[in-house]
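Next up: the structures, one after another.
Next come two complexes, and both contain chain A; in the first it sits with chain B, in the second with chain C.
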Partner chain A sequence: MFNYAVSGLIYGGAYALVAVCLVVMFRMVRVLNFAQTAIGAIGAYVAIILSEHGWAYLPAALVGAAAGAGVAVICGSLMSAWFADAPTERRSTVAIAIFITLLTLGFRIAGSTPRVAPELFGGSTFRIFGVNVTWAGLAVVLAAIVLAFLVDVFLRGTRLGIRLRAQSERPQTAELLGVPSRWLAVGVWGVTGAITAVGLLVVTPSRGADFLSIGLLILPALAAASLGLFRSTWLAVVGGVGIGIITGMTEYWPEVKQYQDIIPLAVIVIVLMWTQRKEVWDAAR
Partner chain B sequence: MRLADPRWIVRSLPVAVVVLVLLLIPPVFLSEFDQYNATTAAIFAIALLGLGVVTGRAALICLAQTAFMAVGAFVILWLNVHAPGMPFLIKLVIASLITVPIGVLVSLPALRLRGINLGVVTLAFSTALTVYLSVKGFPGAKQANFIERPDALMSEGSFYLFAAGAFIVVALIVTILGRTNIGSSWSALRESERATAALGRSAPIAKMTAFGVSALCGGVAGAIFAVQLGTAEPSGSLSPLGSLSLFALAIMVGSRFVEGALIGGALFAFMPTILKLLGLPQDIGDIFFGVGAILGLRRGFGAAEDIRDVLHRRRRKTAELGVAEPPVGYEPPSVPAPADGSAAALVVEGLTFSYGQVKALEDVSITVPHGSVVALIGPNGAGKSTFIDCVTGFNRSYSGSVSAAGSPIDGYSAHERAHHGVRRSFQQGRTIPDLSIEEYLRLGLSREQRRVATPDFIDDLLAFFSCPPRDTRVGDIDVGTRRLLEVAGAVAAQPELVLLDEPAAGLGGEESEEIARRIAEIPGRYGPSVLLVEHDMELVTAIAQHVVVLDFGRVIADGTPDVVLSDPKVVSAYLGEEVEV
Partner chain C sequence: MEGLELSGFSVDRAGFPIVRKVDLVVPRGQVTVMLGPNGAGKTTLLEAISGLIPASGGTAELDGAKINRASRVKRSRLGLAHVEQGRAVFGELTTFENVLVAAKDRDAAEEAFSTFPELVQRRDTLARSLSGGEQQMLVIARALAMKPSTILVDEMSLGLAPVIVRRLMPIWRRLADEGMAVLLVEQFAALALAIGDEAYVLSRGEVALRAPAKDLAARTEDLRSVYLHGHLPADSPLRGASA
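== the complex of A and B ==
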């Protein structure tokens, strides 16, 4: 069973990475970005197609990341041009509409046949406690942890991070204080778009996935991010890795395995219901 | 406006005729293939009507509409396998009705979750159901035990007419329900849950009914969809992605209106045909819905609102708002004296309330005698609004006791207190822009009160508060008048007591005087005593018989206005001056 748990690590790392991006988006640009994985999937697919054309892993991944960033910047510009002052709820609804649009667009271009992605480190593994672990799995978990750490330090300790937090809480006030809100926000979109693209690229080989199923990884990522109510990068990492490991463990029981995709959903419902149990009234006073 | 109101029927007639004519086009003019598509349009229009209730009217984000459809489809297919002899219509009705409690179940998280969190949870429900159905399959699907249409509905034309008929029935149910207080409470929910409760309506029940009706629509649509296809599959239209695109479509067209739902259904069903005509790939329809939704969100409303707005503006131009006419020779029913001559409207004793470590109110005792206006004043942060929240049941974890008209009300929730004679207004102004003035006033009345509140009474009330005629939309009147209307709404139920939280906040001098004059007359004319929270000292001295001053959560003075306002402690509290006490 330990074997199965470890095999879930690579998914868990990817969920955690995307979940950290969701937290960053929620905290810095006030949007629960349903479109995160759809944006990332486009970048990952660009990388896959390039490697099919004989590109080496690193340049393909870099161009893929740039493509993810590009798509994200377009979405972010749209959001700040039209919905700068809209409440989080409406901005997130816009993200749902962007998700639908990008997913349909990507599905049309990429088709429904699963693609084989290049494997990071050639799929090589190492043994620990008698269990095979892929270097890629370890790398993506470490990447999630490092990202969570960097984001935490950045938001708390740097001038730019504090500016970003300020602009998220009160975009107009921040603008009055001379914070270039709009460009900062679009920048955050771009960076998270690039990171998500790389994260999804790493996880794709083991998923053997088509565009739609990569795009739908938004659900476990949302579940992971919900653990910290979309505000804590650390809990997002814990949530992502945890969901990955639990999902991996279900492989051990074939009859449970077929329902494994329900696990993250149960996490979402339980976490949100528990944390919000005292919220009897809405915010409108 | 009541259901039987001839004006409403006359006004709705053109829309009804246009809808009927449109619905009759397919069987006469279209090919069999397009009749099939037209059936799909009617089915998804029914599903969109449901989204129009829960998301369009009550503003609750629901990403589970196709899951409700899947439930309807599941039940009718199950009945087909296990009770093949059951008449078709009965199967359909059972499938639709079973979806309702599922909808109510899904609404339970909505009692605590709001906004986008609710969207995430409903999407999770939708996905979980799809995972389950992918494993188990719909009943009969694996054995190719398909559901057969009854003989009369074998042709595409007749099945279309059946689906269109179902659309009309569901549209009538949703429209009629939407005009009752249940429907008005959905609109109230959209504005504020506290305002809903202050009108005496339970916010949880409003949410549950909205989800229940939405699920009913989904169930009907899903069951007919299964019959159209003969079976159902968890992927495609019934998947969570289907829920998301239906959600986008509902925003794009404004599906809270019947014509919006109809446009949406037609777009959904005929999009592949339209795309084919344009020489585009047929599977990119969702891109249009996504982009359409973004445009709709940018403007704040969908296509149906556009159409209504144009008609509405034209109508409004011809009739300026004006003020309600007082009914000739009408006097409001005389105010009954309290049974026990001494019972005060409100007695609060030893009220203490804390926000965590901070004591917001400490041992506050206030009495509002029957038929009086009492003012509660104090500097910012003194605890005035907290006091109102405690008395009206919005903060319930206080110690001390609150009695209205001699009986304790501590055990009641906010909306129950509203029915036990304690009404309030809000500092920010919380009328419901979506409703007509009459719908707004009636929303706050219990069944017995509605019998007493005759049209003459309502006209008299509106004229007294200088509000426009009762069929005016609340959203069309200015902010100052809305504040008057909110006071009128609190008075309309003829409660024991109305608590007015800064009714003149943000109003100009003249408007303030106007509102003050009206408030002073409330007890004598309509019965309720008044507890007024106000910063405007002129207003307070002009109308209050008694003034209570709060500072840092404690009562520091209590008496007639001139005595209290010259009290050095009060002056100190307001001006921050050091005085010997």
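== the complex of A and C ==
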């Protein structure tokens, strides 16, 4: 069973990567970006098709990341043009519309046949304490941790990071001070789009490589990000890896496995109940 | 002209004309005071000058260049700063980070910061936990960190203790003397008029009166009439100067 848990690392790392992106989008761009994985799925799909045409992993992944960034920048520009001064609720609703549009379009174009996705490091493994670990799983979990760390350092310690935090709180006031809020926001869309594409590309060989199932990975990612209420990158990593490991463990019991997709929802509900409990307590004081 | 010049400047809000055909000059080296009762359209006017909302007619020129269609960021790069009403600090940023947002570099931030010794010991405090007076100082320091040539200040004294207002007012005089164009918007007149050069009174979106600040300061009862009725009393000596 331990082997199964460890096999979940690769899901966990990917969920964590996407979840960190969701937290960054929520905090810096004021949008709960339901479209995050639909955008990333396009990038991942581009990489998969390139590798079917004989491209090596790295260049295919880079082009895929660029495609993810490109689609994200288009979405971000639309959001900036039409909903720049709108509240988070409205912007998030727009994100749902983008999610459905991209998923429908992608499904029409890509079809439902699963593709053969390339495996990072050729799926090679190493043994530690008698457990098989894929290099890809280890790499993607480390990548998620490094990303969470970099996001923290960047937002606290650099001038650009400080300006990003400022514009997230008061975009118009920031503009009056010379901060190009809209461009910064579009930049965040682009960077998170690229990272999401790569995260999804890494996890596709294990989770099925048709467009729809890649796009629907928004569910575990949302659940992971909700652990920190979309505020903490670190809790998003913990949430992602945790959900990944639990998902891996369910492979151990075939009768539980069919309910695998409920896990993220269960996590969301439990987190919401937990935090609400605290709020009630606060209010009662 | 060096500074800000509006002609026939109008602003609508939700389809209603709020500011109507305002002519206004804010030259460098002067403190131009704009008074007017609550709801006269002062904030609306400033927001259209800095580009927070669009103007519906007329022109705004900054140092001779038309800025009507420029973005907010572009206007700030041209040297325009806007200290908004209500102390718009970035609450989740520290005091010093607030200043850093606006500064070209650390030196500019340090310099602006040192204008207010009161803030130095609050340097690493989150801006939301500062007092009202400290927050007002912070938004001023933040605007100064941009090294603007023209600055719009919206109701700085609102909600502040008189002692703090008296501490802050002379700053505008000094900055104007150093060559800045200052547009000081206030609802309560005395302290602003004391340091001002030219004064305008806005009433129901129109310039009801324009006069030298010291003349207006000497006749505050006439000012009250403008606030209440939108025009000067028939026997006021300020009538000749009226716009």
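The criterion applied here is as follows: the second predicted complex is superposed on the first by the 275 of 285 C-alpha atoms of A that agree within 3 Å, B and C clash if a C-alpha of one lies under 4 Å from a C-alpha of the other, contacts with A are read in each partner's own complex, and residues count from 1 in each chain.
Note that in this section contacts are C-beta pairs under 8 Å (C-beta built on N, C-alpha and C of every residue); 3 or more make two chains touch, one makes a residue touch a chain.
Just so you know, these numbers come straight off a predicted model, no measurement behind them.
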{"item": "Chain B versus chain C as contact partner of A:Trp234, first or second or both or neither", "value": "neither"}
{"item": "Winner by number of chain A residues touched, once chain B and chain C are compared", "value": "B"}
{"item": "Which of chain B and chain C A:Ile162 touches, first, second, both or neither", "value": "second"}
{"item": "Which of chain B and chain C A:Phe149 touches, first, second, both or neither", "value": "neither"}
{"item": "Partner chain in contact with A:Leu272 - chain B first, chain C second, else both or neither", "value": "first"}
{"item": "First, second, both or neither for A:Pro180, with chain B first and chain C second", "value": "second"}
{"item": "Chain B versus chain C as contact partner of A:Tyr4, first or second or both or neither", "value": "neither"}
{"item": "Chain C-contacting residues of chain A that also contact chain B", "value": "none"}
{"item": "Residue numbers on chain B that touch chain A, as the complex places them", "value": "61, 63, 109, 112-117, 119-121, 123-125, 127-128, 131-132, 135, 191-195, 203, 241, 244-245, 247-248, 251, 281, 283-287, 289-291, 293-294, 297-298, 394, 426-428, 430"}
{"item": "In the complex, chain A residues that touch chain B", "value": "32, 78, 82-83, 86, 88-90, 92-94, 96-105, 107-108, 212, 216, 219, 222-223, 226, 258-259, 261-262, 265-266, 268-269, 272-273, 276-285"}
{"item": "Chain C to chain A touching residues, read off their complex", "value": "50, 52, 71-73, 76-77, 81-82, 84, 88, 90-93, 97-98, 100-102, 142-143, 146"}
{"item": "Touching residues (chain side chain A, partner chain C) in the complex", "value": "159, 162-163, 165-166, 169-170, 172-180"}
